[in-house]
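Per-chain numbering from 1; labels A, B, C and D assigned in written order.
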Amino acid sequence: MSVKVAVAGASGNAGGELLRLIEGHPELVLGPITAGTQVGSSVSEVHPGLAELGDRVFEPTDTAVLEAADVVFLALPKGHSSRLAAELTPSVRVVDLGPDFRLTDPLAWEHYYGGPHPGSWTYGLPEIPGARERIAGARRVATPGCYATAVILALGPLLAAGLIGPDDLVVTAVSGTSSGGRAAKASLSPSDVLGALRSYTVGATYRNPAEMEQELATFAKAPVTVSFTPFSVPMPRGIVVSCSARLRDGTGSDELRAALAEAYLDERFVRLLPASRWPATAAVTGTNSALLQAGADTRTGRGVVLSAIDNLGKGAAGQAVQNANLMLGLPEDAGLTTRGAS
Amino acid sequence: MSVKVAVAGASGNAGGELLRLIEGHPELVLGPITAGTQVGSSVSEVHPGLAELGDRVFEPTDTAVLEAADVVFLALPKGHSSRLAAELTPSVRVVDLGPDFRLTDPLAWEHYYGGPHPGSWTYGLPEIPGARERIAGARRVATPGCYATAVILALGPLLAAGLIGPDDLVVTAVSGTSSGGRAAKASLSPSDVLGALRSYTVGATYRNPAEMEQELATFAKAPVTVSFTPFSVPMPRGIVVSCSARLRDGTGSDELRAALAEAYLDERFVRLLPASRWPATAAVTGTNSALLQAGADTRTGRGVVLSAIDNLGKGAAGQAVQNANLMLGLPEDAGLTTRGAS
Amino acid sequence: MSVKVAVAGASGNAGGELLRLIEGHPELVLGPITAGTQVGSSVSEVHPGLAELGDRVFEPTDTAVLEAADVVFLALPKGHSSRLAAELTPSVRVVDLGPDFRLTDPLAWEHYYGGPHPGSWTYGLPEIPGARERIAGARRVATPGCYATAVILALGPLLAAGLIGPDDLVVTAVSGTSSGGRAAKASLSPSDVLGALRSYTVGATYRNPAEMEQELATFAKAPVTVSFTPFSVPMPRGIVVSCSARLRDGTGSDELRAALAEAYLDERFVRLLPASRWPATAAVTGTNSALLQAGADTRTGRGVVLSAIDNLGKGAAGQAVQNANLMLGLPEDAGLTTRGAS
Amino acid sequence: MSVKVAVAGASGNAGGELLRLIEGHPELVLGPITAGTQVGSSVSEVHPGLAELGDRVFEPTDTAVLEAADVVFLALPKGHSSRLAAELTPSVRVVDLGPDFRLTDPLAWEHYYGGPHPGSWTYGLPEIPGARERIAGARRVATPGCYATAVILALGPLLAAGLIGPDDLVVTAVSGTSSGGRAAKASLSPSDVLGALRSYTVGATYRNPAEMEQELATFAKAPVTVSFTPFSVPMPRGIVVSCSARLRDGTGSDELRAALAEAYLDERFVRLLPASRWPATAAVTGTNSALLQAGADTRTGRGVVLSAIDNLGKGAAGQAVQNANLMLGLPEDAGLTTRGAS
């Protein structure tokens, strides 16, 4: 079997990681690759690590170009995917890496993003119970955001098991700079980034909680609220999130760990670390893995789950390939690795 | 006026920063400097940035040597300060940078550190109401830990004003590696540190909350519980903490900001940033400053205060010099700066 | 004495460091500060470490504005200084940090920069023999480039002493990213920079050798050729250069070191390290220092001098302030430090 | 086919990369893994990225243990490989990653390393003309050092083509910290490394030139001298070397590039970049690739070749696996990649 795939937005950080994974995939063959401002540039100018794709040139992001493929990956900014998707033949399989089709609630969309709700696609986090089957049957899949992936994997099983309360989740995310996208900004000059650990927002305006709350509510069978604070650190890749929740009475570290171990017993890409070991980004760089650890602080009545992923791997391109594998009936781990390069 | 000072533990990270600050101080003159394993080494071998101290050699950490000074700074690991302090003449002024004399409650000490309680000294965080006078009158001062400094400055005024609840504080601290001390560890080889953002503990065993809770309780006039999670990032210096607390009814961002602005109106070293600006380590590196920002997330009922310091500056050596200035009746900011080098 | 100074280009990396140094200077008072695209922004938006200048706002870069000062610092891109300088009253003292007035040879200017030669000003590297007096008597001074500063300090005395040959100098420079300027470039996204050590040019097109060769020729009393290769590394500040030269017969490490030690015996800002110690950027960050080390490799007939500076300190703003101090008859080290913050 | 391999020194940086590559190799199966001080630890304690090896435990480095494998990789410090190799059955294939068996000249060994010459094995740099066949027929192969690999690939073809002179090569190497090994040293605390770009030696005592000169002499058919200066930068992995050589008359950039292009036309792992593109470590991290660029500076009569590798990939474990593939008659690129993860 050999499936032709296209990548729109292939010049960005997530797009480049898609190219890398597709080139090493045993069943996928790279078809058209498109870009915006980088149209006409060669791959090796933008992604020098991709030597064997060096002669490939970015084409304009155009429906006719993309439809020559069996699967289309969209690695585009907010709003661009929905415009493009409206023109793509329904029979083409599409995996979106952007936010356009993640939220099911039109009011939440309008509140956080503004404008008319573009609709919602199958939510592509395969380790959510039942999701694997939905993804396998879908023609359109919305790959989750990187923060949401890390948080849902960490807290979902504990909410489902009733070990933590749903109404006072406090999440702090620390991430490398590739989460911020590749477009040049004077506000993030290399010199600034290199010297600085920084937080970059607090409070109600940040969009990420909407996606987390939507999905965690299905685990909790109750409304969920997440208070979210992101940090940026001077590293190229990687995210670790700290997820704090109120413990239900009698819950200790053993119960938290047991619930996570059971939830991911048969999962290849999500792994609870041994006790006294803590997630670090080095172990997940270049992989599709998520590493988890949990502990109960009975003194304060709070439990903490730590979760590490590569924001470009399980947080974007890796998970997108995992979704495509499911949609195509391929082995779920085809072209993906759990062995960290650093 | 010219005051002779000694530094014990001068070969470590905080000790080196003390030497740097003392050398640039208009009134302090560097007397004996002592070390442990580095006895006999010259300053420039250990701290190559301190050229003009290059010929000075570390002496053994000995009471007789240290007492030749008017002020003794102790930058020593847990347990070492208390052994040494017991032998020092009561009339010598001593500023401790370690944990030995920070906790007032013997039970808390035994719980977190084990062994007999060494006693407690005047807590040296000058921006706590009333502390400045106590420090000025003391012969023995315990400089706070770096995490505690950042958290107390962030939350104290809000607890005092009744804007947040004391019983469910959730703190995530992200810090550079110099917080971990200078001793070589195979578990923290340079290659590991450089590639990795990591968390390193969760739950009840970590010692830092004891100090935060002790001091914050005096603001809240009620018991305080802090759930604390630390992260380590690949940077040499700097800490940013995210402090999340339940909002009292009706509290918004304006109220949080107003309380902080009022508390630090006359403070030179603690500053509330303009709205929409976020604390970053680059702005405090090499300084004795703390930068704050606050926001209310009324949707989740939680407020967040972000606080950035240099862990070796306001978090250690800078604050120790500030305390010494107060004890000696010198201008409080003598030898200290608020202008960040990065 | 209190001298009013203006800074044009105050929103850039070197401009920000100028503001930091001027604010801490005992005799200089900050007058007008101007910018290009950042006109109307406040200092604290662009340089968050400069809290006490937070309310100051960047004005347009305008002759009338700048002439209100006694000394004008120009931290501007190539070409901008010469346009502005033509309009400034001759009596105003001007210190340029850009390349416009460094080259004395019109042909060299045309070859490397193109267009008509803007002329040349007094070359502002005070540690060059005789330069201190020329600078003190000048109204216009051109501060050297960062690479040239590091290389001239390293090789000048050895050429003057005839210990190395002038015709086959091979220089490799490794620098942090602030050397590249603050303007945002898609080619240098934070993610690229953080993950990558890179070289960025080879061969004849690079401009820096012209300046080095011009000044080194006055030491050698003969033409000098420098083959120059720069590297960029993921750090905010700092430069180390490796300068390789053919040894004259009989020259060993002792002769190299003796010549450097003698040349800089009375210099506060340039220092030969003890034998077996190697220059590192941490020791010079935030300072106006240069640290040197030298060794002879008699097997290959080559000597190597290593030289470390802060590219924004001795390589730009620090040296500009040193020049202004000389021009104004102030102590040469006023407002400058040799104590590294890291 | 399925070949059982053993790794001695599996707890170090190169050893960990060997484990990662072997686990992903289609034909190799991981047999015994041994360590020194880490005996009894599990893989996941030391290399947290290697989740699926997590339960494997390091055994003592013992001949009987290792001989249970068909191929033994030795990732050991100087001197350890030769002691162990003397006891291993001659029929076992051995790939050494250390320096013990690289030098053919006993005098050179005694000069640089001291003590009796342990002998020399087949030099395992497959891209050297004729080396591939020698490696395929060998039972003992010495994998080159990381610096030597980068330099030989850069300069060998130019010396063979007579485009550069052999007697005045000047090499500056800039590398991440994993080149320095994993053992903890107080002289390289994380805080020091993170803040500092540093050089760490000059002159005649450094050992690396011996290996470069030995191999380059076979290209040049004449003695070669290399003047070598290494830099350490705050990054986990990667090396870029700048190799400067005197140009033969009439040699320009085109000739340099043509010679490299021809030499590596059929090589999968060594690639000349397009003109105006410069080697960077991000593109080779995690790979077995070397990226080259060359330019002639006719003004100074010198040519420069830049060469980037992953010091743990093509500079150590990747090349060791490439050698094992050749020794076993497997496809040379089995288990290796050219697609950079960063």
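Keep in mind that, in the parts below, contacts are C-beta pairs under 8 Å (C-beta built on N, C-alpha and C of every residue); 3 or more make two chains touch, one makes a residue touch a chain.
None of these values were measured; they are calculated from a predicted model.
A.B. asks: Need the most distant chain from subunit D, centre defined as the mean of C-alpha atoms.
C.D. replies: Chain centre farthest from subunit D's centre: B.
A.B. asks: Equivalent interface to B-C, which of A-D, A-B or C-D, with over half of contact pairs matching by residue number?
C.D. replies: Interface equivalent to B-C, from the options A-D, A-B or C-D: A-D.
A.B. asks: Averaging only over C-alpha atoms, locate the centres of subunit C and subunit D and give their separation in whole Å.
C.D. replies: Measuring from centre to centre gives 37 Å for this pair.
A.B. asks: By the touch rule stated above, which residues of subunit A touch at least two different other chains?
C.D. replies: 176, 192, 195, 234-237, 280, 282-283, 285, 342
A.B. asks: So in the complex, which bits of subunit D are touching subunit A?
C.D. replies: Of all residues in subunit D, those touching subunit A are 20, 23-24, 44-45, 48-52, 54, 236-237, 271, 273-274, 277, 280, 282-287, 289, 291, 337-342.
A.B. asks: Inside the complex, what are the residues of subunit C that reach subunit D?
C.D. replies: Subunit C reaches subunit D through residues 168, 170, 172, 174, 176, 192, 195-204, 209, 225-227, 229, 231, 233-235, 238, 240, 242, 244, 246, 253, 278-283, 285, 293-302, 304, 306, 308, 342.
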